[in-house]
Structure formats: C-alpha cells, structure tokens
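Each in structure tokens, the structures are laid out below.
Across the two complexes that follow, subunit A remains constant while its partner is subunit B and subsequently subunit C.
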Partner chain A sequence: MSGAGPGGSVAPGPIGVHTRAAEGDLRARVLTAAEAMGLPLAGIGVSFALFGIFVGIAGANVPDVYYQMYRGAFGSGFSFQNTLVRAAPLMLTALCTAMPAQLGLVIIGGEGALVLGALAATIAAHALDGANAWVVLSSMALAGATVGGGWVALQGALRALRGVNETISSLLLNYIAIGIFKHLVEGPMRDPASLNKPSTRPIGEANALGAIPGTDVHWGLVYGVVACVAAYVLMRRTVFGFAAKVIGGNARAAQVSGLAVPAIVVVTCALAGAAAGVAGMVEVAAVHGTANASLIVGYGYTGILVAFLARQHPLGILPVAVLIGGIGASGGLLQRTEHLPDATVNVLQGILFIVILAGETLRGRFGALAPRAIGVPQSVRAEAKRAA
Partner chain B sequence: MLELAPTSRGAPWLRWLALSVFTLFSLSCSKGQEKTAAPVDSASAATVQAQKTFTAGFVYVGPKGDYGYNQAHAQGAAIVAAMPGVKVREEENVPETEDVQKTMESMIELDGASVVFPTSFGYFDPHILKVAQKYPKVTFLHCGGLYQEGKHPANVGSYFGYIDEAQYVAGIVAGMTTKTNKLGFIAAKPIPQVLRNINSFTLGARSVNPKATTSVVFTGDWSLPVKEAEATNSLVDQGVDVLTMHVDSPKVIVETAEKRGVFVSGYHADQAALAPKGYLTGALWNWGKVYSDYVKWIQSGQTYPHLLRGGFKEGFIKMSPYGPAVSEAAKAKADEAKARLTAGTLVIYTGPIKDNDSKVVVPAGTSFTQTDISLEKMNYLVEGVVGKIPS
Partner chain C sequence: MSGAVAGVWGLPLALVGGALRVSTPYLFVSLGECLTEKSGRVNLGQEGTLIMGAMTAYGVSYLSGSPWLGVLAAGWVGVLFGALHAWLCTLPRVNDIAVGIALMLLGIGTAFFLGKPLIQPRAARLSAFELGAWSDSAPVRAALEVTPLFLLGIAAAFAMRFFFERSRWGLVVRVVGEDADAARALGYPVGRVRFAATAAGGFLAGVGGSFLSLYYPGSWSEGLSSGQGLMAVALVIFARWDPVRCLWASLLFGGAGAVGPALQSIGILGGYHLYAMAPYVLTFVIMIITSSARRTLAGQPAELTVAR
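Up next, the complex of A and B:
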C-alpha cells in the first residue's frame, strides 16, 4: 500500500490559516456528524408518521399500534432481549454489503456466504467430533469464515480481474450456494434419522454456543458487535481502509497511483464474506444445532437493507440492526393484539428504506448543517447561487 | 453551544426550520412516551384478567390465509376461539429459527398464554424442546407426531393425522373421473409423509381404475409458487387431466389447473372457491376437533395424550364436499371406501404391493395398518407412479 502515503496526508479542512483551520475542522466534523445522524433520525420519525397513517387506514388504533410496537421491542427486559437476538445475525450479514460498499461495490451475496458458512461449520464440527468444545467452536467459526469469505472473495475477484458485475454475480451465486447446501443436506450429508425434515447430523449438545451470562441472548450478538467495531477500525481508521475508499472514489486513479486494486478488492470482499459465514456458523452452533433448510430465511437479504439504512457505516449497522430487530420483535405483538397481518412490518421496513434513502438527497441542503459553507464568504456563495 | 451562529449566518430561516423540525420530532417522541404511560395500567389489568381466561397461542410458519397448511390450522384456531372462556392469539409467517422461540416466549410472557400450538413440523427440535424446558407450566402441542416418552419434556405433546386415508379416497374420485388415465401429483420434498400421500392416492385410483398412473413432480421446497405453476402446466401438457398436490399452499396449482380446464383435488384446506368447475374433492385436516379436545383436557386439568394420531375414525381429517364434475358412481365408490377406512375394515397397505421398479415392498399376506412404524419410514413409490425419488 505504498501509494496510500500521499493521499493520506491531505487534511480534510482548508490548509493555511492555522487557528481557523483547526477550529473549522472540528466544527466541520461535528456538523457532518450532526447531519449524518440527524437525517436518518428525522427519516425514522417521518417513516413512523407515514406508517401511522397506513395502519390508521388499515383500521387500527394508531396510538395503540405505537404502544404495542414499543412494548414488543423495548418495553421489558424480555422484549429487548428478543430484539437483540433478532439483531445479532443482521449485524454480521450487513457487514457483507457495507464493507465492499467502501470500494464502490454493491455486493448482495450475504445469503450465499451465510448458508455455505453454516455448512462448512457443520462439517468442521463433525470432523472434530469429541474434541474440546472450545476447539470445535473455534474451528467451526474459522471454517465458516473461510468458506463464506472465499465465496464473496470470488465475487470480488470476478469484478477486479474479469470486470464481471458484482451485484449480478453475487445475487446469482446465492442461488448456487443454496443449491449446494440443499444438495448436501438432503443428499450425502443427510442424517438418516431426520425423516421428515432433512438435516445433517447434530453437532452435539456439548458444542452448542450458549447464551451470554445473565441473558437469553446467544454469543452471536457479541460476535456481531466485535465484527462491526473491527470493520469500523479497519475501513475508517487504517491505511488499508483509506486505500479502499480511494478505490471506491476512482478505481483507475487508485491503480495509477500505485494501489494494488485487485488485492484490496479481494481481501475486503473476503473479510465481508467471512462476517456472513460466521453468521451461518452462529445459526448452526447457537440456534439449530444442525444444518437444515430452516436457516435459509433471508438474513443475508435483510442484511442488505440494514447496510443501506446504516449508509454503509460499520458502526451505523449496530443501531440499525437493533431497530430492524425491534421491528421484527414487535411485528408478532402487532399481529396478536391489533390483528394486523404480518406484512404490516414489511410495509414499515419498506417505508423506512425509501424515506431514509430519499432523505440522502437532502444532504447539504441545510445551511446550518453544511460543512461546505465554512470559510466561504457570503458573496462567493451568493455568486455561486446566481450562477446556478 | 457549538458556535452555530457564524455558519448559519447565510440563511437564518433554514436554522429555524432545522430547529423546528427537531423540536417537533422530540415533541412527538415525548408525546409517544406520555401515551405509553396510560395503557401500561390497562395492560397489567389485562394480564390479571388473562389469569382467569385461558389463552391459547397459535404459531404458523406461513400466511394464515394461504388456502393450505396454515389456513387449515387457523380454521382449527377459530374453533378454539369460539369456546367460552378461551382467548386465542395468533402469529403468522414465523420462520423455524430462533424467531419461533421468541414468538412462543412472547406469547407466554406478554399474552399470558398457558398453551401454545406451534403448528409447523420444523418447530419441534430444537425450538419447542428448548422453550418447553424454560416454561414447565405451559403446555406445548406440536403438529408432527414427534413426541417420544421419556426423551422429551413432560409438558410437550405432538399430534398428527393419517391424511393419506383422505388422499386414498381422493384417488378413487380421480381414478373414476380421469379420461386420459393420467393423474398428476405435485409434491414438495421426497420425505416419508409426502411419499405416503402419493402412494395412497395412486393405490386409491388404481383400486377403481387399474390403467391409471400418477406422474410426480418434486418442486424441492414447501412453497415455490412459480415452480408449482410450471409443474402444473407441464403435467397438463403431457395429458394429465386430474391433479393433486402436497405443498404448503395449493392455491397456485388449483387456480392454474382450473385455467387449463383440468380437474383438481385439493389438499390441507378447502379450495373449492378457487376452481368452481374443476374441483373434485380434497383431503382436508380437521384440526378444530383436535384443538378443542386438547384445550378442554388442559383447561379442566385432565391428563392429555402426549402423542395423538388419527384418521377418519378419530375425526382428524375430512373430505371436501364433492364438486359438480364428480359422477354418482364415483361418489358411491369414494363414500364406501371412506366408510370402510373409518370402520377399520380397509387397510391401504395390504400386500402384495410392488414399487415402480417392480420390487415387492409389501409382501402378499402382509398388511401394514396406519399405526405401523414401517410406514413412517416410507422410501418408495408404488407401481403406477411415474417418477423417481431424487437422491
């Protein structure tokens, strides 16, 4: 990453006037952060208001709907744990889309990496049958990460080396991954005792990934949080991450300035896929205890939604995953108490997605929050406005 | 403050806009919180009440209006809901993941459910087993017949019906109605339950029409509407004129068959409304009987059977009313078979039965009654079935 040096030294603020620059820099950062968080928050507010109109038209008691959603998602210790359990796999699968996004890639292959990661983890557990649980679990995680990572690295390599559109290839490879999974689970790896629900042999009670002490939430949540923080540090705070950002800005320019573009693309995709692969491992080790078709429920696809709502920010994934988990947790209560159909929460998710993405177009439109305006004399701005 | 003033000098009105948006937003938040304060009391009052009324929770793996598997269970739940002193809470589209564990717990914790009916086969292991250990006072009744005495928690039960009896009767109607002697069966997965339905349907058809054959298409999963429609069209193109199925929602198959002008026999729930011309009959669940029995036993503190199975005789299954295309002769034959199955004088798997590779699977002089364990492991297609079990 020899070429990252010169790019890295460019300070974000204006250079020259020292005191003003430092002050402006801080202000710019605060304002950027305020805009970055304010817009999605306002978007969430607007979405819930629109959702209120929707359920009102559907004939429900709107304040009661809000109350039940709060009760189902955050209203008690039980509800909050329910939310966190649902959020855990989404954190890992969202990274599968968010990390390559920094390279300017739209990867939607989290589902495929998850199911193959689950399969690899199961194979590892079977191979190490009888070993110490720590050894088994570590090997399962490693196997899941390797296979999931390899699967998405393949998509990155196809893009970087052969120019294949990564969105299409990752989508299509999902179907292939699910095909491989079903073939093995219903064929060669099938436990003959699983008569009416084809599954692999169980990994054994001793190898189960348990709950975080004092809670009902399995360790997958910790995996998710750690992975998001690690991804944040790597992608936003290191030379490697900066290089990835440069590639995302202009891959050709990055290549000309000496960045090893294909290597960075493949490594980032591998790490992204590894996160989704670990999500598959967690599903096997903490939830199902075996690999079967029940774990193909679209966590990979919901992860895409989470990544986009988090604006591809690794730390942004954490609150968004909790929000989506909370909507899922409250969806059940809405069905049971308000007699609304299950699709109601899908409508809310859809509204959220559209409003928050549409809200992105407002970026920079609020003078009070626009960091660009700093240091630019009013006359210049007025002139620019006239010119426009 | 963060020295907003110099920056916002350009457009003070925007600053006010931003401020007012924020104020509105925070206001609406606090308003929401105020509103939450009041119903808390009514909610706790509701829980107190829930201790007096008996709450039953029903969990479905798909939409409860699917004209199929889930609708059949929801119809059973509706009968329980009509019982005095019983409140029913339902949740649909719950996948066989940790989600179903949380749904069951949520029904217990937030709705005060004292019995839960998780109706999908795949909910049992590990989900029901895990939650049942956590809530020993709640009863968990699962559809699938997987309970094993001594191995599974004492507050768990599992039930299932011999619906292949109904498929046998539907096969008789199909065999009497077909003009091409080609029947079609669209199936999800080649698991024992499904194979048993295909075989019973075929045996029923061939008991009245030895020339009839059943062409089978396996789609690979429980709910794949596009593949199911393709399978329907391709079977009709091959000359099949009576279709039946074992998928979660037969809606698409029934509608497509009607559009193509062929006959169709339903499954799970009644689909007559979807095919007024071509609907012959259907093999239906009668969960209302099973569920109301269970609720009565538990409500009155009686012991209940942990493993409950049954067919026509026990009231677990029923047939759709015959459609307009069914001849009087076919009705007579079908009614007779149904009466004999109910009385126990007709045993479907009575030898000699060969599979479609001419291997004897039930030797002459042997008969497997419904409860026979070897039928639970069925891994063959009988003679007259066109198709192979994919391996």
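Up next, the complex of A and C:
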C-alpha cells in the first residue's frame, strides 16, 4: 500500500511547504495532494449518485433521501454530535486495518478485537468494583488494549511465522471472538436481572466515560484522535515506521537487510488490535454501560471501509471516520422518514468501497495531475513518494 | 425399536444427518472458489454472493412458486457478482482481496435491503429424496433425507475434477492460474479465462446460497449465513484445490457445523455458542496446520495472491 500525498487530506498547507521546497517540488506536492484528495472526493460523489439510482429504483424519493441523510448526519448540533459519537470507535477500528496495511497485510479482524476488548474491559471493571473511577477506567482501557492487541498480534504472528493468510484468519477469528463473547455474556457472566437482552452486570454509573465538557460527545472521540495522530507519528515519522514501510515494500528484501520482520509485524499488529480493543472499551464505558449484543453492530467491518477510504493513512482516517459515522447516524432517520430498511446504509457503504477501490486505477492517469509529467526530475518523484 | 436406535445412535445419526444437510452450501461455494482460484484469482466476495443467492432464491421461489426457478435465479445473481469481481480485478492496481471484502459487504447490505419484505412470507421449498425409506426408524429417515441439490453438488465435484484433468478447457484454466505469462505466450486470453472462471464460480456460490433459504434452514433471515462463504475459501486451501477433496472437506465441515444442533437434539443445551464455533475453530486449526512459511502448498496455483 503506497500512501497518499503529503499528509493526505490533512497535509501541512502548501505555504508551509513553499518555504523549504523548490518550485518544481511544490508543484509536484500540490498535484499529488490534489490527486490524493480529489480522487476519493470524486469517488464519494460517484457513490452517492449510484446510491441514488439504487434507492430510486427501490421506490424512494431520491432528493428527499439525500436531504434526510444530511439532516441525520450533520444537519443539527445534535445530529453532528451523534455522528462524532459514531466516528470515535470507527477511528480506532480503522487503525486496526490501516496500521498492518503499512506492512502490506490485509487484516480485517477489528470486529473480533473490539468485541473481546469490550469483554476484557467489563471484566476489569467488575474486578475493580468500588475503586476510584480513574483507576477503573485506566484498567478497563488497558485490559481492552491488551486483549484486543493480543488477538490481532496472534494473526500477525501466524502470518509472519507460519505463513497463515492473515485476511482469512482474521475474519475467522472475528466469528470465534463473537462466539466467546456470546457464550460468556449469555452464560457465566450474565446478569440475572437482564431478562430480555442478556447482558453482563453494569459497570456502574461512577465508572462511565463522560462527555467532553460543553458537548454530548464522550471522551472516546479524543481517544480516537490521539490514537490516529500517534499512529501517524509512529508509522510515518520514526525508524520503526520506516522499517514497517520497507517490509510493506518487499518483505524478503527487508529480511535480507537484517530487519526483524516477525517482531515488527507482531508489534504493529498488537498496536492495531489494541486500538480496536480500546474501541470496545469505549463502547462499554461510554455508551452501553455493560457488555451485551448491542456492541456487535459492525464497527469493526465499517472500520475496514474507513481505512481503505482513507487510503490507509492514519490522519486521513479522521475526516473519513466522521463522514462514515455520519452515514451511519443518518440510518435511523432514513428508516423513520423514508421507510427504508436499516440495511440502506450498508448498501451505500458497499458501493463506496467498490467505487473507491475501482478509483485506485485512475491514480496518476490524469495528465494535468500527474507528478510524473515531463520536466519533473527523478528526485522530486522520490521526494513525493517519501512524503507519502 | 426405533426409540432404542435413537438412544444409542442418536448423536452419530444427528451428526451424519447434519453433515449431509449442512455441507451443501460449503460444497457449492468451495467448488466455485476452487474454479476461480485455479484461474489465479481469489474471490473473498463469495460470502456476499452466497447471501445474495439465498435472498434471490427465496424471493423468486416465493413469487413464482417454483423453488428450482429460485435456484437458477440465485445462480445468475452469482454470475453477476462474480463478473463484477472479475471486471474490477482487470483494472490495473486493483487488488482481488480488497475487492472481495468490498463485494462481501455490498452483497450482504444489498441482500438485507432487498430481502426485508421476504422475512415474513413462506416460499415454496425444495423437496428431498428419502434415502432412508428402507428404515423404520424415524431418526434414520430424518438423517438420510437429502436434496437433489446435494447430489448435484457431488456430481459437480467429480465433473469438475474431470474438467481440470481431462479436458482442454480445464487445462487452459490451470495454465492461466499457474503462469499467466506462459498462457499469454501460448495465445490464451488470460483476462477472459479468469472472467469466465470467476463468473462460473459465482454461479456455484449463488446456488449454494439458494440451499440455505430453500432447504436448510429453509427460510430467509438476516442471520442465515454466518461466514460459510468465507470458510469455504479456507476449505479450498485445505482441499488443495482439488474438487473431489472439496467434497470430503465439505462433509467434514458440515459435520463440525452440525455438532451444536446435534447436541441440542439429544438435550444438551448449555454452551451452545461454544459448539457453534466448531467449524470456525476447525478451519482456523486446519489453516495453521496446512500453512507453512517456507514452502508453497502442493497443488496451489502459482498466480494466487492468497499465499504471496
């Protein structure tokens, strides 16, 4: 996976670049950035058009559907905050796909790591019943990160040491994780007071992860943003990240040049899984207050879409998670006002995914946008690549 | 007499019956995936195709009253999804694994969207052959009830092995999957062969989906498939890309999938979710055992990205 332009959609402005780059360099950078942002934006436009055709054929009033989606996602302060609440876990689960992608791995095990992270966080909260809320919340986050991290690290280790295909194993482990979750929540860990919906004992009001002051958005959003920024710094600005990128380019060459490939793979996967595990902890601590099947709503799978849409760029994940979170948030309104099925947003997500992947083929194909055009020296191309 | 039979043989009978019932979708999807992978592509979207097939078959059977029309329609929806996958993969820089994930999500979303009105009504189901008619024991008869679809699947497995080993076109598919450059040099249209193999593979996966909604469990719901399409992909690796071995592997997976219901049928209800995990755990363990970091697997098409 070669990355986006300089910083993707959240690149340092061209003015900042100008001070330290030559004219040709600037041009190349701006064009690469324009392409890196323009293609996904065009893809989003095309996807919405195709989606409109789809719901139109299904008998819906298309302009009304678009309007309700906007209203449900960004139309009011309330709906925008709802969007951000949904974006928070998506940022974390997207990292679960995006970080291993730097190594050339396609890991789609975010759902399993989220579910088990939620379970571990709940167990931690129960074990520390009555302790200071800070202690409880930190332990919950740590437990979620450890279990989620271990779960995905296993996938990475099997890939690095035994050549087990990580895509299939991660997806299988999602089902196994959900099985373990359901067994414990409906069996040994079930709160007898939860009648219709098997749940664990609540973690307690005192231990709830609260809202960011002045908003209704919980602190999980801050976790998500911090994790994405940290992942960006680690994968794009450190020696470790550089080593990961070398492995992603050519694992055999990396091995020959003395990099500890299995160790780097396992550590990256552990961090990726830790992010998804924290997403599970956030859902328990901030949203549900207990572990039950309401947690399994596909944040892990939607995170894959977010990662691909952001072209696996850790900072690109931030705006994309807000967009996809908004689409998810509008689902309820579409059901109520347009009488469309709840799977409507899944259809749009599927279309988006396919259009974005197909759009990859157009990269570097636009004459005006191609940084490879005549007159751009080799060094600039290398620079643009390195910045990516 | 029949009570005694059920007492001693209850569990094994339920397992055999379950294996015969549950294995059919695995069989069709794995045969389809085997064909696709022999041509050098991986289609992870088979899970989406399976669910689209299940929904389509149920809808068509409900509207037309003919379950076999439903099976056919499911197959053609599978062709559509396979063709979409094949076409997307011909675009430069588009990765077949990623397209598969995308098609899986699209297929599931579309099936749930279009299938919403189908949750309530009852569609005409496929009828079954009673291979156990000789027995006067009800559990034996129940266990040996099989659909014509299952028998068709067995026939397809042997036919496909014949196709790969004895026919000219089968050889062409294998050449394309082993070495695309060599195939091109020999003048074979690599892109078109892969397109045909992926579309035909989609047909089989769609038919597999029709079994889910029209025979067992035999109705349309959103919880109908839970990863069978995906396990079938792993199953092909386990079967070393051999159609007949896909049949044996499907029976094994079907048996594993039947553990939970079989235990339930003899009154063991606790830990249901753990028993339900059996096929996933089996797949996972088999993948670990059969993979190797050092050598490529015997029988693996060399163009395949699944084991880069």
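Convention: the second predicted complex is superposed on the first by the 349 of 388 C-alpha atoms of A that agree within 3 Å, B and C clash if a C-alpha of one lies under 4 Å from a C-alpha of the other, contacts with A are read in each partner's own complex, and residues count from 1 in each chain.
Following the convention adopted for this analysis, contacts are C-beta pairs under 8 Å (C-beta built on N, C-alpha and C of every residue); 3 or more make two chains touch, one makes a residue touch a chain.
Values in this document were obtained by computation on a predicted structure and should not be read as measured data.
Novice: Determine, for the superposed arrangement built on subunit A, whether subunit B and subunit C clash or fit.
Specialist: clash
Novice: Considering only the touch criterion stated at the top, classify A:245 as touching first (subunit B), second (subunit C), both, or neither.
Specialist: In the superposed model, A:245 contacts neither subunit B nor subunit C.
Novice: Quick check for you: in the superposed arrangement, does A:182 touch first (subunit B), second (subunit C), both or neither?
Specialist: both
Novice: If you stack the two complexes on chain A, which partner ends up touching A:169: first (subunit B), second (subunit C), both, or neither?
Specialist: Touch partner of A:169: subunit C, not subunit B.
Novice: Just checking: does A:341 make contact with subunit B only, subunit C only, both, or neither of them? Give me first, second, both or neither.
Specialist: Both partners.
Novice: Return first, second, both or neither, reflecting whether A:236 touches subunit B, subunit C, both chains, or no partner chain.
Specialist: neither
Novice: Touch test for A:354: subunit B only (first), subunit C only (second), both, or neither?
Specialist: second
Novice: Quick one: is A:72 in contact with subunit B, with subunit C, with both, or with neither? Answer first, second, both or neither.
Specialist: It touches subunit B, and subunit C stays clear.
Novice: Under the stated touch criterion, which partner chain does A:201 make contact with: subunit B (first), subunit C (second), both, or neither?
Specialist: Touch partners of A:201: none, neither subunit B nor subunit C.
Novice: Would you check which partner chain A:86 touches, where first means subunit B only, second means subunit C only, and both and neither mean what they say?
Specialist: First partner only.
Novice: So which positions on subunit A get touched by both subunit B and subunit C?
Specialist: Correct list for subunit A: 182, 186-187, 341-342.
Novice: Mind pulling up the subunit A residues that touch subunit C in the complex?
Specialist: Per the touch definition, subunit A meets subunit C at residues 58, 106, 108, 158, 160-165, 167-169, 171-173, 175-176, 179-180, 182-183, 186-187, 301, 304-305, 308, 340-351, 353-354, 357-358, 360-361, 363.
Novice: So in the complex, the part of subunit B that touches subunit A is made up of which residues?
Specialist: By the definition above, subunit B touches subunit A via 2-4, 7-11, 14-15, 17-18, 21-22, 25, 28-29, 32, 35-36, 39, 43, 57, 63, 89-99, 102-103, 105-107, 109-111, 121-122, 126, 144, 189, 191-193, 220-221, 376-377, 391.
Novice: Of all residues in subunit C, which touch subunit A in the complex?
Specialist: 44, 84, 88, 91-95, 97-99, 101-103, 105-114, 116, 226-227, 230-231, 233-234, 237, 270-274, 276-277, 280-281, 283-284, 287-288, 291-294, 306-307
Novice: Across the complex, what residues on subunit A touch subunit B?
Specialist: Going by the criterion above, the answer is residues 27, 30-31, 38, 41-42, 45, 49, 63-64, 66-67, 70-72, 76, 78-79, 82, 85-86, 182, 186-187, 195-198, 218, 283, 286-289, 292-295, 297, 328-329, 332-333, 335-337, 341-342, 366-370, 373-374, 378, 381.
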